[in-house]
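What follows is a set of structures for review.
Both complexes shown next keep chain A, but they swap its partner, so chain B is in the first and chain C is in the second.
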Partner chain A sequence: MNNILVDICSIDQQPPDALQALTFVARAPNGAESLFVGSVRETNKGKEVLGISYDVFDPLAKQSFLEICKEAQSHWGTDLCLYVAHAKGRVDVCGTSIVIAVGSPHRDAAFEACRYVIDQIKHRSPVWKLEHYADGDSDWVQGNAISANAHSGKDDCDSTTKGGAREAAH
Partner chain B sequence: MNITIQCFGAFRPFGEALLISVSHGATVADLHGLFLKKLKEIDPSFDNPILIDNSRFATETTLLASSTLLEEGMQLAVIPPVSGG
Partner chain C sequence: MKLVYFAWLREHIGIDEEQVDLPATIDTVGDLLIWQKGRGDGYAIAFSEPETVRVALDQFHAEQDDPVDRVEEIAFFPPMTGG
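Entry: the complex of A and B
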């Protein structure tokens, strides 16, 4: 059975699903499952936010998710199970933008790998946010420029973490 | 020769995809200036060269190095700074 699953979820069809993520990574050898859920919060930089439209270059985004997951396996163990699903389309406040789950025999690896995956996605994966504000305006979030060596990040696997969490998507 | 650039993120207002004429021997490094020129043709008020400097060009499978030679009919995507998660 494959132990990595990555997906782009059109929001009008199948939003990212935390239960589905946990179900995928919960295997008999695993003693820990770590879950990260990103959601849209109601303010950003002092402006009231109604929702975010996620633009995604699907094929490259899925490839980057896969590369990042494999990097996590190379650092924290080839027995890691990883699940990544990112929303595409408009997500309103409190809606889920991304779900990441990591299953591992031990909790440290599950926590740290989960943190690594979300941090790398934010810096490397071709996904963009168009914020919609209460005053009627919309604006693209400034974002992070992808560095020239972004897709060879194995040496970047030194992040530490205090664990998975539910976090606002900004 | 012509290549097609699919637009994402902050470049979406310029269209789904743009056709750009490039000379033989041109590289991805040359594409930044050509892309800026194309955007100015569409919207003369566009004045954000930093956004283009901070963008990359990619195929469906890889981000391209600046030295990559452009080829007739290439289908590329422009990748402005990302903000996923």
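Entry: the complex of A and C
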């Protein structure tokens, strides 16, 4: 289990850290490390976004991250190293909402597993986004059905999207 | 029994969590969702479309016909939007 690390990061304490993620997965047997960083984008559906508040059900979210990482290992190899850290609380535009790093002996597995992990998290992990707009409004982003296609990569919150979040209660 | 709410369900209801004694007539998650809807204006809005509300029993995803007896914590939340 020490080749998987999952975490929920309170924004006011320690935001998701890409360097920390890469450091965790960069090990002697690995010849490739892939890194995904999700950040808060300045527009969504035509509205100017200032930030996103992420609400997270911590224990269930960590459990789902772990399940997804184990699925990646069962598909791409048990030697895969995976790191997932998701923000909790308000993240402003350009801020990091999620960091995923995958280390593998070979690059194909590193790329593919990283893509798998972010896509699955989007659709399965108990995280919710409250977008804060320049006009003063805030709206919860409507969710995906659990059975939704997890590989479109074109939902409201893909890599170029900036999520938003509100102060989480848990 | 502890009930916990997330995202807009929490906003509509106005609290993060509460302790309740469930009526003896509630056997399943489905029964519970119907009961919640009748507990006040905020609950009526939060549970207006109960089929869209996800439920976790002691941090495990649950289905409508799962029993709720012997459960310590029930979490209610909308479809996920994270990442």
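Methods note: the second predicted complex is superposed on the first by the 145 of 170 C-alpha atoms of A that agree within 3 Å, B and C clash if a C-alpha of one lies under 4 Å from a C-alpha of the other, contacts with A are read in each partner's own complex, and residues count from 1 in each chain.
Note that a residue touches a chain if its C-beta (ideal position, glycine included) is under 8 Å from a C-beta of that chain, and two chains touch if they have at least 3 such contacts.
All values derive from a computational prediction rather than experimental measurement.
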- Task: State whether chain B and chain C clash or fit side by side on chain A once the two structures are superposed.
- Result: clash
- Query: Counting only touches as set out at the top, which of chain B and chain C does A:59 meet: first, second, both, neither?
  - Reply: both
- Touching A:50 in the superposition: chain B (first), chain C (second), both, neither? neither
- Task: Name the contact category of A:121: first (chain B only), second (chain C only), both, or neither.
- Result: both
- Query: Do chain B and chain C land on any of the same chain A residues, and which?
  - Reply: 38, 54-57, 59-61, 63, 86, 97-98, 118, 121-130, 140-146, 169
- Item | Touching residues on chain A, where the partner in the complex is chain C | 38, 54-57, 59-61, 63, 86, 97-98, 118, 121-130, 140-146, 156-158, 163, 169-170
- Under the touch definition given earlier, write down the residues of chain B that touch chain A in their complex. 6, 8-10, 12, 54-56, 58-63, 65-66, 77, 79-85
- Message: If we count contacts the way the header does, which residues on chain C are in touch with chain A in the complex?
- Response: 4, 6-8, 10-11, 16-17, 54, 56, 59, 61, 75, 77-83
- Query: Tell me, which parts of chain A touch chain B in their complex?
  - Reply: 38, 54-57, 59-61, 63, 86, 97-98, 118, 121-130, 140-146, 148, 150-151, 169
